[in-house]
Amino acid sequence: MKRVGVLTGGGDAPGLNAVIRAVVKTALDVYGCEVIGYRNGYDGFLDPQGAMPLGYDSVRGILPRGGTILGTANRGNPFARKVMVDGQEKIVDASDDVVRAIEAQKLDALIVIGGDGTLRIALELFRKGVPVVGVPKTIDNDIGGTDVTFGFDTALGTATDAIDKLHTTAESHQRVMVLELMGRDAGFIALHSGVAGGADVILIPEIPFRYESVVKKILRRKERGRPFSIVAVSEGAKPVDGEQVFSRPGDAMYVPRLGGIAQKVGEHIERETGMETRVTVLGHLQRGGMPSPFDRWLATRYGSAAVRVAAQGWFGRMVGLDSARVKDVPLEEALAVPKRVNVHGDGVLTARSVGVSFGDE
Amino acid sequence: MKRVGVLTGGGDAPGLNAVIRAVVKTALDVYGCEVIGYRNGYDGFLDPQGAMPLGYDSVRGILPRGGTILGTANRGNPFARKVMVDGQEKIVDASDDVVRAIEAQKLDALIVIGGDGTLRIALELFRKGVPVVGVPKTIDNDIGGTDVTFGFDTALGTATDAIDKLHTTAESHQRVMVLELMGRDAGFIALHSGVAGGADVILIPEIPFRYESVVKKILRRKERGRPFSIVAVSEGAKPVDGEQVFSRPGDAMYVPRLGGIAQKVGEHIERETGMETRVTVLGHLQRGGMPSPFDRWLATRYGSAAVRVAAQGWFGRMVGLDSARVKDVPLEEALAVPKRVNVHGDGVLTARSVGVSFGDE
Amino acid sequence: MKRVGVLTGGGDAPGLNAVIRAVVKTALDVYGCEVIGYRNGYDGFLDPQGAMPLGYDSVRGILPRGGTILGTANRGNPFARKVMVDGQEKIVDASDDVVRAIEAQKLDALIVIGGDGTLRIALELFRKGVPVVGVPKTIDNDIGGTDVTFGFDTALGTATDAIDKLHTTAESHQRVMVLELMGRDAGFIALHSGVAGGADVILIPEIPFRYESVVKKILRRKERGRPFSIVAVSEGAKPVDGEQVFSRPGDAMYVPRLGGIAQKVGEHIERETGMETRVTVLGHLQRGGMPSPFDRWLATRYGSAAVRVAAQGWFGRMVGLDSARVKDVPLEEALAVPKRVNVHGDGVLTARSVGVSFGDE
Amino acid sequence: MKRVGVLTGGGDAPGLNAVIRAVVKTALDVYGCEVIGYRNGYDGFLDPQGAMPLGYDSVRGILPRGGTILGTANRGNPFARKVMVDGQEKIVDASDDVVRAIEAQKLDALIVIGGDGTLRIALELFRKGVPVVGVPKTIDNDIGGTDVTFGFDTALGTATDAIDKLHTTAESHQRVMVLELMGRDAGFIALHSGVAGGADVILIPEIPFRYESVVKKILRRKERGRPFSIVAVSEGAKPVDGEQVFSRPGDAMYVPRLGGIAQKVGEHIERETGMETRVTVLGHLQRGGMPSPFDRWLATRYGSAAVRVAAQGWFGRMVGLDSARVKDVPLEEALAVPKRVNVHGDGVLTARSVGVSFGDE
């Protein structure tokens, strides 16, 4: 493996830069490869200025920074190109052009960091012969094959902080506060931040809700001397007998706009309970900020692992994290072997790959 | 199950209150049990004022608070009682007294939240017939049978924040900054925060180190135009050919004191490289603070699961989290089934157990 | 002075609890007074359950908590009571009833913590003979007679954090991000957080703006290789030749709703520059959260000073902070006398008043 | 004014980069000057690589970063040079060499950002004809001529966060927690963070303390059912009848080392009260981290103001902030004129100077 490419696609997520840094350091230090970054997703292959060599100085200081130094402002599906035919716009299959452009880069491996859309294109490229390794990226945590991805923990921090802040106002003013969170098809952000922040009602796409249930819960709290409530709502939550109503259009980017489900829920509550109700749409803030320590750790492991997978020639694969479920074990067994860092595990390997010394060389 | 006891033992950890709250809410709402808290660990059974009934109001507002409302100021092993015999202090086995005191409480289950020491006593109690369920607590993350425990993520946040802060001083002043972190036998805090914070050298108990390796790494960085370095050291790190030198005595509580391994490492570096070197011992701060969203989520799941395990009559067991390893999967498989909240999984069950409405009742 | 009353009115602000705590501790420790809190602003005088005696235990642990333990859910102006006359709603002057209700409480001083509206009522009460001392509270920082009030610094933290988070998305996606912040008549939050966060355009009520100026600035940045911008907008910002368009109705509480000035600005920018533009309305979050250290410090000083002012019998007055302007002084003068804590100043006095020992008693 | 120099000296402080950025943007945009930065304080004049031209790209993204892009690793007083005379080290006056080196740079103004030591040298340079403007920098807040300097608010945040964290452990474990904070001669950090964090005892250099007073306070709390206490200690605190005992040597940099006053206080408390007592030395962490919004705002104002002062030819001066004292004013007066942003004040001027558009051009 002599030449590795890397790109980031889709909406940004805290930790993208940490993946890029780990890819560069691992490829340079461990495999002695050259690394090329492509700007703005797959567009980087079609843009004459789209390729940038990445060295140690390119990734210096980016570990704790949100966003991506490679940019992700791509213009949609690179395989579907709009052309004018007889004065009419037509969409033609441009996939062969893209594959040719990638082949011209003479990459031994292409590491694609992206969400569902970006990775589906990666899979198609793999089928057309491109040596692809995927790294999953999704704030919503809705990608299969992995327990969690980087960015989710940071978004959870932003969402939980918002719930904590709404709590004091709810209580001081005796109000119902409704907070709309990201999660079009998967309700993880609302579920985890709702439980962590002590929300009273959590509405998620996976569990269709009844308005009267929500109202009943809020009134029951009031009767018990809690005349305030917090309602956490995934943007994709839907009533049992209704449609999804989004506060953003159907693209991959988040455009908060009242008029979505949270507002509907808020209006319903105010009407039926007579309690002052306020709606907040958290929006873009959930994508931004300094990645949390967990996200920096996970993103670094992903970047480093992706290079190792590529070096093995295992293409068409994605790195992921093994599932985390609560279980119960015999106390005796749990206490028999105290836990230690696995010195041969991927954590220590990752640290070494990004240049950490353990003082044992 | 009519009457459930709960206690917290050992050093405090962010998330203890979240476990207590989940135990109380789950026991009251789901099982209609009475809940009794015992003050200051097992001492609560011997203290006439040691038992306190726990209701909704007892746990109101404690979810995001560090520490434990039950206290943990116990006087050591309750089984080993000091008595004066013929003017001499002797230690006698008091375990039967403790068991009798517990039996007098007529508990159907006792939920013990604690670290290695506290859980070992729980196991002995179980063997003597006490219906115990354990919940693991350790900042160091050194308990077996679980991938991670609550408190670790918050400690990681404090440790990574410290590394981030030392970075700017290291660079502005061209210094080596050495930071001693918790981890007597397990180096997880230093490893994870070191990687997340971009440390250059990480020394942990599991990987014995050589002083000359550390020095070489720091000098190599200087030659490459990086005349500063960050060294993260577990308190239990040890040189290949030396002993462990602790900055705290051997008890369960953390007593930072220079003179430990970090200071030795710092002095060695300054002497051998001639570079200004500064040592910081983070100490107690790692145990404190508001639990992170992840820790509140995990602690709530543990508390709720412990009550369910107790209700099944599965005693002598401990709740835990299934392991999280980086793996790789075929892209096709990963993309085949997008991930959704498991509406029958322990997360949703936990949320319901602590009183969350999903609007579907 | 034997009996002191205290109430909080208007929208909540981080630091209210710190003021209440300082009032209680200073009144109890320094003056040996009884302290009575009134619930939900002036309504507390009319509500049979409205008065609550405040002791050490009432204020324990509230220093770092947002919100107010006294509540602020008042029903508007207590002087204007709605009555039904001949089947028609009429508003009658109820001020004498309120004054009588207050007189019935036999207070030697009434400390009123509130914003413009609450303090105007306090002034009227003073004119009718009530021994009032005011403590200014305003997130917007729009009250005269003081340089700054508690709550503003915390709101600034929330606003600046939001700008920091939008920055990474703006840059990664090459977008214009518009953020609407609180500030109906005064633009302090947008000005300070905008400068602290590196915003490119700041629109405030005090400086009427031209849409074409905004567009020009954004396009000039794009030409210079910065194809993204951050625009911070006070909710009360207005165009030179237009009206104010609020995203909230005219009451004292904040109700974020798109359709305000930020959205108008965002739509204008997108139309005229062709650049992707996103609008976020931060809303309620600006009122919530744990007060910053500065706000806890200032709120404690205010609470303590208010009791001292009351003890002097200086009624009809408000505590405030002396103005903070940037100036320049001769270097020689600046270096002549190093600064030290004024051991007779209000800071040390405040600390003693809330029970701090300096070890010199 | 055609050519402006800027340097940073002494220990680093959050906000240095924000000052540099404001100096560069104001000098370039408002005055059309060239700006030269000097590396590592005054050493930059003597080092052939010490001068670096500063443009827009040099200061991009540095506003929220701690540390200083110019470095501050100077080798002490540049006027006192060590030379070997007859085999013996002697210190000779090198001030004329330094002045000549500065003159060779042909600067119209030199902006010096530093603490007491750095500014005293600046004053000497001014007396020798160098056109100096000073910007005060001190974490301790001990420089005269200004109410506060940037860096102090961020340090306060770190210190208060530490107190908040110690609180939960103190209470759960029924301990006395002693925290040593910066402040060799001035106790501002301990006073402000102690009050903001609810410390029970605060020991500062300005108020000599008695050990028995401290012990009495802690025992009184225990009697009242508060068997735990927090003690905040400035490193320079001293007993009435004792000497200062530092945990760092006498240089300008902070070297935490137990054995200072905090440890003495802790040992005394444990011995006299029999209560478990723990000591933490916060050390370097107080200098690091992302500057708070207030510090970014103040640092930006200072940088911009310093260039304006230079442009007026007002040399030998320092910028500063006018004093902030708690006062009381008549309510009527306070309410008469609501506060608005002063559109001609230094805040708006600063914003414009760093390139902010208010949309009114």
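Structure notes:
Order of writing sets the labels: A, B, C and D. Residues in every chain begin at 1.
We adopt the following convention: contacts are C-beta pairs under 8 Å (C-beta built on N, C-alpha and C of every residue); 3 or more make two chains touch, one makes a residue touch a chain.
Predicted, not measured: the structure shown is a model, and the values here were computed from it.
Counted as hops between touching chains, the shortest connection from chain A to chain D is 2.
When chain centres are set by their Cα atoms, the one at the greatest distance from chain B is C. Two chain pairs are in question, C-D and B-D; the one with more C-beta pairs in contact is C-D. Computed from the mean C-alpha positions, the centre of chain B lies at a distance of 36 Å from the centre of chain D. Chain C and chain D have Cα centroids lying 28 Å from one another.
Within chain D, the positions touching two or more other chains are listed as 164. Here, these are the chain pairs in contact: A-B, A-C, B-D, C-D.
Residue ranges on chain D touching chain C, taken from their complex, read 56, 63-64, 116, 119-120, 122-123, 126, 132-134, 136, 141-147, 153, 156-157, 159-160, 164, 185-188, 191-211, 213-214, 216-217, 240, 292-294, 296-297, 300-302, 305, 309, 314, 316-341, 343, 345-348, 350-351, 354-361. Of all the residues in chain B, the ones that touch chain D in their complex are 11-12, 14, 16, 65-68, 71-73, 158, 161-162, 164-169, 171-175, 177, 253-258, 276, 278-281, 283-285, 287-289.
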